[in-house]
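Labels run A, B, C and D following the written order; every chain starts at residue 1.
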Amino acid sequence: MTKRIALISTGGTIEKTYDELSGVLSNQVSVLDVMLASLELRGVAVHRVPLMNKDSLEMSPEDHALIAQTAARLAESHAGVVVVHGTDRLAVSGHRVVELVGTPASPIVFTGAMRPWELRSTDALQNLTEALLAVQLVAPGVYVAMHNQVLRFPGVVKDLERRTFVKAGG
Amino acid sequence: MTKRIALISTGGTIEKTYDELSGVLSNQVSVLDVMLASLELRGVAVHRVPLMNKDSLEMSPEDHALIAQTAARLAESHAGVVVVHGTDRLAVSGHRVVELVGTPASPIVFTGAMRPWELRSTDALQNLTEALLAVQLVAPGVYVAMHNQVLRFPGVVKDLERRTFVKAGG
Amino acid sequence: MTKRIALISTGGTIEKTYDELSGVLSNQVSVLDVMLASLELRGVAVHRVPLMNKDSLEMSPEDHALIAQTAARLAESHAGVVVVHGTDRLAVSGHRVVELVGTPASPIVFTGAMRPWELRSTDALQNLTEALLAVQLVAPGVYVAMHNQVLRFPGVVKDLERRTFVKAGG
Amino acid sequence: MTKRIALISTGGTIEKTYDELSGVLSNQVSVLDVMLASLELRGVAVHRVPLMNKDSLEMSPEDHALIAQTAARLAESHAGVVVVHGTDRLAVSGHRVVELVGTPASPIVFTGAMRPWELRSTDALQNLTEALLAVQLVAPGVYVAMHNQVLRFPGVVKDLERRTFVKAGG
């Protein structure tokens, strides 16, 4: 009865860590495993797929294509796929999946964070929790889950002013 | 487009706080508002209904009936209802709702915690996050959301050994 | 130039952990090592001496004598000794050291907590930090360091109303 | 019997906060009051003096002179002075005090952090705790308190490799 969920990590703010010497936050190591260890996950078996660790502003068209292809392929062999992604270009990868396969074999849910997990005021754990739950409850399709909201692609955009995702024209 | 969600608090481990003089954890004040303030809730308006603040082991049949009636009634005027409840007798209140109305007008999702929010290793925030998301995604019915799982009543029981909820005979 | 500090643990609120099944906080395992790992300790080498793990209300006269003897003996071979102790009977052990040796060979600093480390609002890390620093700065003698205060024995008592230590008659 | 301590804030890593839009940590608002509220400070009355909020790499000679003069003057009317400062140029301000007054009227203790308070792995609270305690225990002079160490000026330098302060030639 355990559901197999694939969890693709690509980097983004959620995974940024602090360097004492330079004093900046950047994508060096994955903190996803630490986050997963702090959650209680019953009824799912999480299959970790560390694909890349990039600020999404630095992703190339090839990166977006690779993310979309990997997510679509894993959706065929899993009950669902969660993709952790930088929010700046998250919608680009989301739309790429829709272009590639239309409706995937199982739900693909993107998530990310506005404030890195390393910060005490992070939204990372909330968003990861939501993505891991939403992927079990929604119909096959492509979504973003964040800030207590699940939005379906296409038509999802980042709203810089409200600092979250919205439906275009919504 | 904002969904109106009712949030009924009844007490339980999730809300227990520490008393320095006696050195014990008990239900005195509600910490739900502090928890809500630490989450980013877009697209929902939460209507707080503080009903009681009890360890569920001390709930009377009248308490369970009051919780069930309140949840069923609020389900008629809201897009969904979340009930924060002690885990020991959570299933009693859940089954009482099913006996009372069968399928409520909108989803009713119970949640709680095995470790109080006051503890740094709490599961309270994870479970509250899950309940607030699940209530938006599931069909009308009565559920428990906790530990990355959503289970539908009837037939839900607390598994003391695994320290979580399971489906009876599951 | 590294100072060798002995750290005796005896239990108390500071080390209490939470049991999910019983729902109570008690002294089962030592969390001191986790606390030490979260501090940056330069210039000192900490020698851990786990002596007992008791709520100090349950300490016998033999327990207090053992704590006093162990602290006094370690003071002879270290630059200082820190004793983590339940606050209810901390002053009993402190006065026992003074009775035993008057002024020890190096400073002996007791500390504890009003709220266990497991609580997010704990004072445990503050108090441990203070004890580890005070033991390097004060003259040989017996002290309690807690809540940004260092008080010298004899004449130290726990003030239940103010929830901290004070000098008797002070 | 309450000791009056002046607390001068000048900025630095310890006070850096995160901006969601730019994704960088910078000195915008003071988080010192939040830190103070999380500590239990008995026996001292803290007099907050917010002097500036700068990354110390951007301090001018006039800034260092102002910090030194303010600290020396406040030392005359208080039992001690704590200065929160960026670590990169902390030693410049410390030596400036020594040049200005030699030995101040009461202890002046500098502190800072290698990782901002906003980070869950911060050393800010430890260092602030240590400075507030050390200022009560040391003889009049100029010091840095950080990482469980108290070092006296002159001759204090930041050791980039070890990421802490050391005595030159030490």
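Basically, a contact is a pair of C-beta atoms (placed from the backbone, for glycine too) under 8 Å apart; a residue touches a chain by one contact, two chains touch by 3 or more.
Everything quoted here is computed from the prediction, not taken from an experiment.
Student: Farthest from subunit D by Cα centre, which chain is it? Let me know.
Tutor: B
Student: Based only on mean CA positions, could you tell me how far subunit A sits from subunit B in angstrom?
Tutor: 27
Student: From the C-alpha centre of subunit B to that of subunit C, how far is it in Å?
Tutor: About 40 Å, centre to centre.
Student: How big is the gap, in whole Å, between where the Cα atoms of subunit A centre and where those of subunit C centre?
Tutor: Using C-alpha averages as centres, the distance is 46 Å.
Student: Counting only residues that touch at least two other chains, what does the list for subunit A look like?
Tutor: Within subunit A, no residue touches at least two other chains.
Student: Going by the touch rule set out above, what shape does the chain contact graph take here: line, ring, star, complete or other?
Tutor: ring
Student: Under the stated touch criterion, can you name all the chain pairs that qualify?
Tutor: Pairwise, the chains that meet the contact rule are A-B, A-D, B-C, C-D.
Student: Which stretch or stretches of subunit C touch subunit B in the complex?
Tutor: 13, 16, 18, 20-21, 23-25, 114-116, 118-121, 160, 163
Student: For the complex, which residues does subunit C have touching subunit D?
Tutor: Against subunit D, subunit C makes touches at 1, 39-44, 123, 125-126, 129-130, 132-134, 136-138, 145, 147-150, 162, 164, 170.
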